[in-house]
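Heads up, the next two complexes both have chain A, just with different partners, chain B and then chain C.
For the complex of A and B:
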């Protein structure tokens, strides 16, 4: 550098390995992505039920019986907890995925959008329970 | 409560002519209640070690030059106060996800290239002569774009975006927010020229809605919102062309 010439450029690129452990925000993001797998697992459980239904009454009764096993109950508890975490994380990001909404010239707040998401969740849950009770043999 | 007399800084140094990789260096600077991280670095450069390199200009959070990682978070050094980070030591590193040119100076060439690529200026929908006067818009039309126009190109959002870290070709939150700012401007007619950038794999579709970009933005631009609402626009742009008569595009 004493000769007045600039040192040769040698930009250093830092590695990305383990990036998601660097910030609690990234850990929460990864939990959101991981709990999406619980949604997939439950979709498979329900799909198996539909297939068993198509195979006849005995097959469907067997599927219902399997759902009542302790292992299945435990799985359902884990899936339910994952669903709650997933729903929470999704409603958290939901206002960022939507165009700006203006009501009477005023911008709709993110919290209002999140509350609407939870309200829809509660409404659908109540409807499903009501339908299940009504359809009970 | 007695205030501390000094504070320890740990700065990630990289001098390409002598370091094979970045190394941490410790400095002790005098503490004061109103000391910003930038002022602490300036004390190092002026009094302790003139070889330390970093970018700065306005000292008032509007030029966007002094972005760096402070205790692992993307921050503008000028508006980050040492008192909020006590007792220290305070770890200072160049903005994450960018190549380090020297010490706290990153290589911003990729960002500048992307910024130029989206034509970040009004391309008038209906050009007006000087005699016809200014381009006017309603308060509501302004509010649709105002927050996105607050970007100061500080690149903190890129240091918060793991997708940019994993794929440096990703257009990234800041530039996509500015793309949206012009596309959504009632006075602008340049949308068709910008859609190619938005629709590309490296455009909005490389975003996985981590959302940290919006958390760290010092100007509350909310780039995550700009990027994600344009996934819908990009999808519309793709599918609606099948419904348009030939020659309409």
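For the complex of A and C:
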């Protein structure tokens, strides 16, 4: 740089590819956002089931047969894990997204809100499962 | 000033997120694993006559519709806002694709459930 001429300008551009892999916090954020894919896939699976149900007995039997395939069972295992992650992350961020709650002048702790969410999920899961067992053919 | 339509999508996203957090896991477990495998619930738990009777009853019909609709709108709203994170600008086209997809799922499910009748 002593000759007085400026070096060719090459502005630094921060590479953004794979940005979320740089920090475990970002990885958790992306995993949380990715659970939306599982929710979407399950909504589509149910929609196909409802359409096949409307089309009659043979069509619905085909859908049931497809659900019994190893690929479908594997898919639903992945969906199951994703829904658990979704429920966990949903209640993890809930203290930040909901209005503040004050109990006796003190802000309700985030951990308490999270625990309440988990407890509600466990309760609903047990209730629905009991209902399903009760409605056995 | 024109009112923003964002709160509607946000409300659907929030309601769908809460419902899927509470119900999603057990629903996938039952409809995707236990019923097809015949474990715990027996082989005919989701048989045609039973599924039909469930969907013909107003409570069952409403339940299935609300689950599908809110899950779809929740997922599509979240995917729309994640596009930016993977380097896709969430413009009008992306908005149309995401919310249009959710609307399509809603309409298809509603039409099928209505044609099943009461």
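By our rule, the second predicted complex is superposed on the first by the 119 of 137 C-alpha atoms of A that agree within 3 Å, B and C clash if a C-alpha of one lies under 4 Å from a C-alpha of the other, contacts with A are read in each partner's own complex, and residues count from 1 in each chain.
Convention: a residue touches a chain if its C-beta (ideal position, glycine included) is under 8 Å from a C-beta of that chain, and two chains touch if they have at least 3 such contacts.
Predicted, not measured: the structure shown is a model, and the values here were computed from it.
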Between chain B and chain C, whom does A:67 touch in the aligned arrangement: first, second, both, or neither?
second
Just checking: does A:99 make contact with chain B only, chain C only, both, or neither of them? Give me first, second, both or neither.
first
Have a look at where A:124 lands relative to chain B and chain C in the superposition and call it first, second, both or neither.
second
By the touch definition at the top of the document, which applies to A:16: first (chain B), second (chain C), both, or neither?
both
Going by the contact rule stated at the top, is it chain B or chain C that touches a larger number of residues on chain A?
C
Once the shared chain is lined up, is A:77 touching chain B (first), chain C (second), both, or neither of them?
second
Which partner chains sit in contact with A:137 here, chain B, chain C, both or neither? Use first/second/both/neither.
second
Please indicate which partner A:47 is in contact with in the superposed arrangement: first for chain B, second for chain C, both, or neither.
second
Intersection of chain A residues contacting chain B with those contacting chain C?
16, 20, 33, 97
Please give the residue numbers of chain B that touch chain A in the complex, ascending.
14, 16-17, 21-22, 72-73, 96-97, 99-101, 107, 139-140, 143-144, 162, 165-166, 208-212, 214-215, 222, 224-225, 228-229, 231-232
Spell out the part of chain A that touches chain C in their complex, as residue ranges.
16-17, 20, 30, 33-34, 36-37, 39-40, 42-47, 49-51, 53-54, 57, 60-61, 64, 67-68, 72-73, 75-77, 79-80, 83-84, 86-87, 90-91, 97, 117, 120-121, 124-125, 128-129, 132-133, 135-137
Of all residues in chain C, those that touch chain A in their complex:
14, 16-18, 20-37, 40-42, 44-48, 50-52, 55, 64, 67-68, 71-72, 74-76, 78-79, 81-82, 85, 87, 105, 108-109, 112-113, 115-116
Residue positions on chain A within touch of chain B in the complex are 1, 7-14, 16, 19-20, 22-23, 25-26, 29, 33, 92-93, 95-100, 102, 105, 107
